[in-house]
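Have a look at this one before I ask anything.
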Amino acid sequence: MLLSVEDLTLEAGGRRPILRDVALQVRRGEIVGLVGESGSGKSTIARAVLRLLPQGARVSGRVLVGGEDVLTMDDARLRALRASDVSMIYQDPRSSLNPVRRIGDFLTERMILTLGRPAAEARSRAAELLAAVGMRDPERRLRQYPHELSGGMLQRVVIAAALAADPALILADEATSALDVTTQAETLALLRTVQAERGLGMLFITHDLHLASAFCDRVHVLYAGTVVESRPAADLFADPRHPYTAGLLGCTPELGDPRPLRPIPGRPPSLDDLLPGCPFSPRCPHAEAECETWAPRPVAVEGGVAACRLIPVAVQERSPV
Amino acid sequence: MALRVARKLAGLVATLLATSFIIFGAAYAAPGDPVTFLAGGKENLTPEYLAAVRAQYHLDDPFSVQYGRWLWDALNGDLGRSFQYNDEVLDLLAARLPTTLGLVAYATVLFVVIGVALGVLAAVRGGRTDSTVVAGTTFATSVPPFVAATALISVFGVQLGWFPVAGGGSFTHLTLPAITLALGAVAIISRVTRQAMVEQRELDHVTVARASGLAERLIVVRHVFRGALGPVVTMCGLVSAGMLAGTVTVETVFGLSGIGSLLVGAINTHDFPVTQAVLLLMVVAYITVTTLVELAQPLIDPRARIERSRA
Amino acid sequence: MKPDSPVLRGEPDVGDAPSGPGQAPAPPGQAPAFPGRGRRRIAALVGAGPVGSRLASVFLAVVVLCAILAPLAAPYRPDAIDFAVSLSPATPEHLLGADQSGRDLLSRVMYGARTSLIGPLVLLAVASVVGVAIGTLAAWSRGWVDAVLSRVTDVMYAFPGLLFVVLVVAVFGNGMTTAVLALGLAYAPTIAKYTRSIAITECAKPYIDAYRVQGMGSLAICVRHLIPNLARSLVGYLVVLFGEGLMSLATLSFLGFGAQPPSSDWGLMVKEGQAAIVQGAFLPVLVPGAAIALVVVSFNVIGVRLADRLGTRRL
Amino acid sequence: MLSVHNLCKAFPGTVAADAVSFELPSGGSLGLVGESGSGKTTVARMLVGLVRPDSGTVTVDGRVRDPRERGRAARLRRAREIQMVFQDPYVSLDPRLTAAECLRAVLRLHSKDRSRVPVLLDQVGLGTREAGARPHQLSGGQRQRLAIARALAVEPSVLVLDEAVAALDVSIQAQILELLAQVRRDSGVALLFVSHDLAVIRHLCEETLVLHRGRVVESGPVAKVLAEPEHPYTRLLLGSVPRPGWDPAEVVRLRREMEASEVF
């Protein structure tokens, strides 16, 4: 198992935890999607994998990368992990690069300064990487500044940098959301190519359920810091089991014949909304009184788990306490 | 690039012309006849004597002619004669400039080194160090130079006797004035440095660098401080440019004979040629320094290169 | 004391803060706070924290009261000469001592608060009316109006610090009125520049566009909506400028260009007290000097606090 | 009836609109699709008069909109012709005004009955609790509702929505889309919906217009354009929308196809 997040709970000031008992796994060669609306905590999970935690955060649970717990390792090991095992790709490529440094500096910085490679070798490797992500004239690109490149180009540079240290795991945090649709598709094609060629594990974070189900092998749906459903992408899309997943699909417009949208009432909960029971119960069309006190826990469904009290299997399995 | 510099220079010349016009026009518009000052308040001034003085100083010409002549002479290095000292203004300036320049240079070194160091320290260390620096600089900006100067004189000059109280020329003579001059500047620079670094630290690309395993020390040097360099250099330039005007107070308090004290004296004795010359000199110096700083910006921030050429 | 691990410091992410479609910016009021309780305690003591600014407000209130009530509360007339107590140290009769002429320093400082506070007030009133008008006009019209106004402000800027005032004083003669008005004009470009920069940011926000789309006239948008929305930032800035203005006026008086004897303006008091230092008497300088410094510190502390609260930046 | 004829606008270095023409019947709905740099926002801003076109005309109900026509009456009349809802509800509302004050200001400006405030709020699904709230106390969806109410207060003939749901969460986006459809049914206002999202346009609009680098490359009924796209760019755009079994590599091929077609 490449990445294994176990019972990750993270609190930082708000009335409810940012993450509650999150569990997810990423295997080698697998793309795992993480879908949620704003405030669901999806970016926090990715950052937790690199131990980039919000200030004053209280964390429990484990985040294992290659079997080692990121949350407890010493600083030197953590730096080594960040430098060579895990790479992150962020939403906005323009703010990911230092505007006053050249593309070449950005690409070689990690190789020279943290991995200790000779400068010349790092530079030729950087050029190779740029060529690998489909950029023409890499030598010239190395000398350019970020503002001289378009957003799509920059995201390619960021992907090249992510590959610089031959990582095993890539965290893509809304990596294509800031791009135009056509650029997004091309960037995704590139991501999938490099992922498949190198057998990388990838945690793909997005707010777009359609995108996740089209691009990922498995998808976790996150709501208010809780994983509400976790299934293979195709299953999730064809037959959502959690009311929130169904709601998301029901309210997303599609290209085909227009069907009436069924908006989810209310709004995504903020960190100050106290949610003692199932977090989705206030917006759930099927909610019953008991849902408001039922602490969500994963219930086995076809191909994965869903955290809903009303799933029939769950009702049967529940022990009469 | 060349076009940018040319345009910049044109703007510079325009600003200089405008300021020289104000400086000259102000003296011209001053109430009272300069002749009475020129004549030194003598009794029983004969009309012939007044006419002679007028002719000598070309006071009967129209304003534009007077301004044109003054400007032309100034460009040729002739700043006129002082009413008060009856010397060439240029000689007066030449004699006093070294003191002032020494003072400004001394103070600049002090405030750049100490100010940047304090700012970096506050931003990097945080906690107690930070709050101490912030509190100290808040206080330092609140003490007017003449009060600070008086305090320094009474403590280090009179009480401890470490430094000479008045007079000028030597390095030790300049120490207390330079400290006074640098005090407020240190506060400004350290604040700007701290603020810029704190802002840079919040930027995404710093997190990206951190997430790529770069050591914290390298992040501070390569990203945080490098990013903060632009505002810091700009501010250092502006402050040191403004410092020439600050010498007016400091030189007066410490009794240094530089161009600042020359200006105060000239104003109090209605010595217009000297007033005009010193003001012009200060404005020229200010504009030159600020322009240099602005031209240096693209070297620090590559984005400025295209933004400027578009503008 | 071990500082917070750098890794854990300064991550602004609460929830999924930085994202595009479907994501909301963090609500205002969640300014990134600095970690460390020690820092906050010290900051509170020395001035950056709320306790400091409260202390500063109380102090300023006392100073203003002193200025208003000076004729009732001051133990002596400010110009009552008594050579018998020349350079007296602090005594029960003269709580803060007396100057060379034996004038009571406490009384002089209390009376001096009047000129020293009203001066900057008038100055700022002049400067902010001119500056805000010019700055808003430049930001609103852009184009050649902006270019011309910016050039004019640049020229004014080229007279650094006090030079413009010095020039005006050189022309129109010494005196508090001249100094205040001249300094007011000298500050106008600074305020104009600041107003312009924040007004440009504000004008770029679509709610201003929305008013235009609704058919509202430019003047109405500027006066009724744009400037009120700038007010918060401007006030914080003006509070700090008040301190600076007070210092500049005191400096002018000190140089002999501002208030003239027998005024008990604080700057003038320092000038007159200077000679006493050589005789070993510090009170004539210390009292007005400290008064200036404390008042200015108070304004700065409040200004910094306001700026922190409103999230505005100084230029 | 909105009629746009030959709108052109060039900015230094780019052409934002190149002879853009279209018509929107009263009570109709038109979707303007394009990516960043396609000029769709510029077109929207030219319609409401925030950007002055280099050439071309905008006509509403037979009357040409002339931004040079000054004076209060002309301004207000233009406002009643076309209103606009902006992309980001976090900055498109005056932070100083409560929801009710915001609407009252518009009604006063247009000398309309101020007692309509609760009606307008109700129309967009806001209650009395929200009426007294300032923008920062409202959620993103509520702000966008208020922005819509503000535009409707003027009772315009045409409502331009510039990426009006792009900044919202998916579940909120659906609510706003439903609201817009309902508003159109109830008030008969024509909608011009500017978006990068084909699916949203498919849902809300009858007609569509595809913009690419300032040019209209394709137009027609939404269902037809999406089902049988003729221009290679429309095909590329359609191919880029993620769906089950989608292969992003296909998009690269479509892009090449489009670039090839552009050569000729």
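For reference, chains read A, B, C and D in written order, and residue numbers begin at 1 within each chain.
Heads up, the rule we're going with is that contacts are C-beta pairs under 8 Å (C-beta built on N, C-alpha and C of every residue); 3 or more make two chains touch, one makes a residue touch a chain.
Here's who's who by UniProt: A, D = ABC transporter ATP-binding protein; B, C = ABC transporter permease.
Quick caveat, the model's predicted, so the values are computed rather than measured.
*Asks:* Farthest chain from subunit D, going by mean C-alpha coordinates, please.
*Replies:* B
*Asks:* Name the most central chain, where centre means the mean of Cα atoms.
*Replies:* Located nearest the centre of all protein C-alpha atoms is chain C.
*Asks:* Between B-C and A-B, which chain pair is linked by the larger number of C-beta contacts?
*Replies:* Pair with the higher count of C-beta contacts: B-C.
*Asks:* Where the centres are mean C-alpha positions, what is the separation of subunit B from subunit C, in Å?
*Replies:* 21
*Asks:* So how far apart, in whole Å, are subunit A and subunit B when each is placed at the average of its C-alpha atoms?
*Replies:* It comes to 54 Å between the two C-alpha centres.
*Asks:* Could you give the separation in Å between the centres of subunit A and subunit C, each centre being the mean of its C-alpha atoms?
*Replies:* 49
*Asks:* Where in subunit A do residues touch two or more of the other chains?
*Replies:* Where subunit A meets two or more other chains at a single residue, that happens at 37-38, 52, 78, 90, 92, 95, 207.
*Asks:* Among the residues of subunit D, which ones contact at least 2 other chains?
*Replies:* 140, 169-170, 173
*Asks:* Would you please write down the residue numbers of subunit C that are in contact with two or more other chains?
*Replies:* Touching at least two other chains: 4, 7, 9-12, 18, 21-24, 35.
*Asks:* Going by the contact rule at the top, pick out the subunit B residues touching subunit A in the complex.
*Replies:* Touching subunit A from subunit B are residues 203-205, 207-215, 218, 222-223, 226-227, 229-230, 300-303, 306.
*Asks:* So in the complex, which bits of subunit B are touching subunit C?
*Replies:* Checking each residue of subunit B against subunit C gives 11, 14-15, 18-19, 22-23, 26-27, 29-31, 125-128, 130-132, 134-135, 138-139, 141-147, 150-151, 153-154, 158, 165, 195, 201-202, 204, 207, 210, 216, 241-242, 244-246, 248-249, 252-253, 263-264, 266-268, 270, 272, 275, 279, 282-283, 286-287.
*Asks:* Mind listing the subunit C positions that touch subunit D in their complex?
*Replies:* Checking each residue of subunit C against subunit D gives 21-25, 27-29, 205-207, 209-217, 225, 228-229.
*Asks:* Applying the document's contact rule, which stretches of subunit D touch subunit A when the two form their complex?
*Replies:* 35-36, 139-141, 169-175, 177-178, 196-200, 202-204, 223, 226, 236-249, 251-252, 255
*Asks:* Can you check the complex and tell me which residues of subunit A touch subunit D?
*Replies:* 37-38, 180-186, 188-189, 192-193, 207-211, 213-215, 234, 237-238, 247-248, 251-255, 257-258, 261-265, 267-268, 283
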